[in-house]
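Across the two complexes that follow, chain A remains constant while its partner is chain B and subsequently chain C.
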Partner chain A sequence: MTTSHVIELKSLSKTFGNVKAVSDISLDVADGSFTSFIGPSGSGKSTLLSMIAGFDQPTSGTIRLHGKDVSKLPSSERNIGMVFQNYALFPHLSVFENVAFPLRVRNMDARTLTSRVHEALESVGLKGFEARWPKQLSGGQQQRVALARAFVFGPEVLLMDEPLGALDKNLREHMQSEIKALQRRLAVSVIYVTHDQGEALAMSDNVVVMSDGRIQQVGAPAEVYRRPQSKFVAQFLGETNLLEYDLVSRGLSGPIGRLANGAAFVLPDNITDAASGTLSLRPEEIEFADPAESGCRHARIEETVFLGDCMRCRVDYQGLPLWVKLPATVMRSVPRVGQNVALHWNEASLVPLDD
Partner chain B sequence: MVRRWFWIPGLGFLVLFFLLPVGAFLLQSVLDPGPTFMHFERLFEGRAFWVSLGNTFRISITVTLICAVIGFLIALRIATLQRPYANALLVLIVMTVWISLLVRNYAWMVLLGREGIISTSLVALGIFERKTSLLFNEAAVVLGMVHVLIPYMIIPTYAAVQAIDPALLRACDSLGARPAQVFSRVLLPLSLPGLATGCLLVFTLSLGFYVTPAILGGRGQTTLTMLMEIEVNEQLNWGFAAAHAAVLIAITAVLFFAYRSKFGMDRLWGQEL
Partner chain C sequence: MNFTQPQYRSLVRGPFGWLLNACLVLAVVFLLCPIVIVTIISFSADAYLRFPPSGYSFRWYENFLSGDPSWMAASNKSFAAATLTAVVTVVLAIPTALALVRSRIRGKGWLELVMLAPLLISPMISAIALYGWIAAFGFVGTMAGLVAGHIVLALPYAILNVAISAKALDPRLEQAASSLGARNSQVFRRVTLPLLAPGIIAAGFFAFLTSFDDVIVSLFLSGREPTLQKRMWDEIRLEISPTVASASTLLIFLTIAVFLAIALVRRSSEKAS
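Moving on, here comes the complex of A and B:
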């Protein structure tokens, strides 16, 4: 049977004592894709990865790997590569032997083994490090060894559990693009667990946002970022302003809503008929307009935070606090605290949320 | 700078109560009655010395190997337990060291004797025809010594096993290693320093063991320490006894330095495991 899914999870649940770590998760992961599980700690993302790897047995549900039910198989028979947060390199083995480990336990002949290990080390940029010991390597180098060890035996899927968590920011960003490039070159499916939403957005073809053991939303990074479905997703991925409104009327020019501060505005067409609701408005979707213009929304700058490439301003929009994010290039003059401004946003950037 | 003088009481104690008496005793091997090598000549010429040296080594090696296998298995098992249970078991193991050696060896005499529970049970089961003493042979000596010495194997081995990152075992699993391969390729090599420490402790303690072979052993289990005891208590030949002791100490020292050059001293005190 051929299938385009590397992993299919069906009604997967895991209970520890009376705590539901993962409840009823069903998910298909496309072959060759880079998929991230993101969520706050305790959201169940690591437990989910653990079950796919075979370290934890699901309480109920099935895990299929390329169509084959592996739910009952021990980890060692699943042919899954895993990169651990703390690298988990064998301290008593050299770099070469660490990478050779999965091939040795498969009894590969010496010549193929040597060339495969050299190839793997070369592709992570560690040619010439064969004789070193893990202790002699930097964090980034250890991570590369762990990576080489995890893919050298041609696993069906590569699992990564917060692999860059222990690295400093610059190195982390560098490793992100390296891992991404390697994944494309090897055309291997990757499941990546992180609590860093920026990392997930930067690397993934698909993100799976989790909280409380459930999947909140699945989609391409841009789609999930632009069209969050729930308050949780809107707030967890990036920053946002949540606007609570009451539906006033469904006028000719579209539905009209009223904010808590009394301001009326045009709602997007796709809102439900409920009497009230919540909208997400990303800070970067708000612009400062000329206050002299008619019909504009007057606000006052309360706080400014300079971030280098952009500036975050907290404004008071007639009693409603809003965050506005301005790219550095747009700022003709540096906004000052106390300055009166007019706010402008496009109706299309208002995203209705569930709950 | 008070710290600088801290080592003086300790050193003084060692010199006064260890180095001086042991040194004075050892010196007798070459100074009793006058400067002489006759004790060593007599020692190396006599058959009794070589036989008992052989006995001592054979028993010590057997005891060390049995302790290593059983101790490693016990340490592995304890390491998989939850912390409170593991600690409770370790306390129990250490507590056995507090019970007098003599008491424990006499307990084996009672158990293994002709009227002991083992002998009578075997007769009741029809395995033995009549009550038999299981004492005064090498198995009894080895059994008694393993019983006494196994804590010295378990403690350092447990320290090594317990320090192994559980993520390494999961890494083994994910990389396709079967349980036997996990054991031989990762668990055993990473436990080796602890096992070596345990072996050094058990082996050197075995070399100097007296009570167990004397009580539970027979003619074939005469060890160097038993020869020494005869020289000191019966022959009153202190110089000759000191020559025995010098040989034992020399052997222990060689083993100790061999260990140090291979594993370093820190390991013996349980650091950096």
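Moving on, here comes the complex of A and C:
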């Protein structure tokens, strides 16, 4: 059987006492891909990773690694590299020995070992740090050592549990692109856990949104962001306006809906036949138009929040509060609190949601 | 201005400063006096314990080291017993402490208390209780019986020491090691053991000293060939020669050396981690 999946999870569950930390997760992860798990605290991301790494036994379900069932294998025989949030460097070993650890336990001969360790340290930009102790490194440097240690033995997949959580914003962004570059160069599959949505969107080929131990949605970052399927995903990934509507009719020009404030508008074609529903409308999809134009939606600016590269405005759309996000170019001239504006959005940017 | 910087050069000031300082000085004198006096007497030239000695010599050191062979025999027995006690105690303490720290059973607090209870019980009571058991198995007067008795005294403290290191050991380090391909035995040898080392070494030293310094259990269990402490006890009761002082002085400096060694090990391991 040929498989292009590095990891296949089938009906994976984990129960602690009466807490269902992970329930019934099935997922195939493409070989060589960068997959991010994202979800609020307590949604089961770390538990899932622990089971893949072999630290925790699943309550039920199976884990396959390149087609082979590893559910019962001890962690040491899975050939999986793991990077922890607190780095978990061995404090009693030097940087060199930390990176050499996985090679030593595999009884690699001294010459190959030395060159592999140097190579790994060089690729994370830590050449010359071999003799240092972990204590003598900054957070970012410790993270790089942890990274080098996790891939030096050529694991089939790299697991990372919030590896950048402890770093400041600038360093985090820098490390994001380094990790990404490294992943491409090594062509290794990465499973990455974070609760920073920006990080997940920026780095991943695939994003898995989790809550309450379940997968809410899986897809490419742009797809999950633009086409969220549920209220939870729409609100968790980025900001959004949730519009509750009643279906009025299925007219010739498409279905017509009415908002809570009475405003009628054309719904996207792909909505269900239910009498009412919810739409997601991202703040950046709303534009300000000229109020003199006919058929536009009148609103009043209630609040403005300056964010540097953009501005967020809360507008009152005939009794319905909406958030609008404006790029810096528009911002210079337009928004002032109390000003009347016209709103414009494309029908295609209305995304119907399951509850 | 740094207010937390201690002022090493001055004693305590303030209204009752003189009282505090006086107490400090008295305490130091009180603690050091016996050691100083014993050390002086150990160099006595007199035939019996007297302070201050009328003359000075090494004769009682000579007596201890070569004059009366029973002293060296007792010393050797004490060394052997203390070494065995230290080794066996540490071997028992490591798994016990790990189990105690890592297990998630109910009533763990009570179990910990029970483990440490012997620390609170008078050694005399432990000795009497032990004597009954060890006599029942016919081990009185054997090395095994003596060491068993010393282990009972030393184990709680050893467990405590190893447990402190075990609590500080992040289980994620062991998880990391095993994800990196280390089998359980390799994880233990390459990660767990080195990280427990400070506690293990302290436990070993303390167990050694517990055995070496013990009189009470030795009184009951050492049989016809006494340990050094028992031999000293006999000496004081029967002869009162300054050999006791020489032996004590050697013991004092041995103990100081051991404590310095522990402190050095602690400091160097703190530097590394």
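Note that in this section the second predicted complex is superposed on the first by the 352 of 355 C-alpha atoms of A that agree within 3 Å, B and C clash if a C-alpha of one lies under 4 Å from a C-alpha of the other, contacts with A are read in each partner's own complex, and residues count from 1 in each chain.
FYI, a residue touches a chain if its C-beta (ideal position, glycine included) is under 8 Å from a C-beta of that chain, and two chains touch if they have at least 3 such contacts.
Quick caveat, the model's predicted, so the values are computed rather than measured.
Q: Looking at the combined model built on chain A, do chain B and chain C fit side by side or clash?
A: Chain B/chain C on chain A - steric clash.
Q: Taking the superposition as given, does A:Trp133 touch the first partner, chain B, the second, chain C, both, or neither?
A: The answer is second: A:Trp133 touches chain C but not chain B.
Q: Once the structures are superposed on A, label A:Ala53 by its partner contacts, choosing first (chain B), second (chain C), both or neither.
A: In the superposition, A:Ala53 touches chain B and chain C alike.
Q: Once the two structures are superposed, pull the chain A residues common to the chain B and chain C interfaces.
A: In chain A, residues 53-55, 74-82, 84, 86, 88, 90-92, 101-102, 104-106, 149-150, 153 are touched by chain B and also by chain C.
Q: What part of chain C is in contact with chain A in the complex they form?
A: Residue list for chain C touching chain A: 170, 172-173, 175-184, 186-187, 190-191, 194-195, 272-273.
Q: Where on chain B is chain A touching in the complex?
A: Touching chain A from chain B are residues 165, 167-168, 170-178, 181, 185-186, 189-190.
Q: Once bound in the complex, which stretches of chain A touch chain B?
A: Those in contact with chain B are residues 53-55, 74-82, 84, 86, 88, 90-92, 101-102, 104-106, 149-150, 153, 159.
Q: In the complex of these two chains, what residues of chain A are touching chain C?
A: 53-55, 74-82, 84, 86, 88, 90-92, 101-102, 104-106, 133, 135, 149-150, 153
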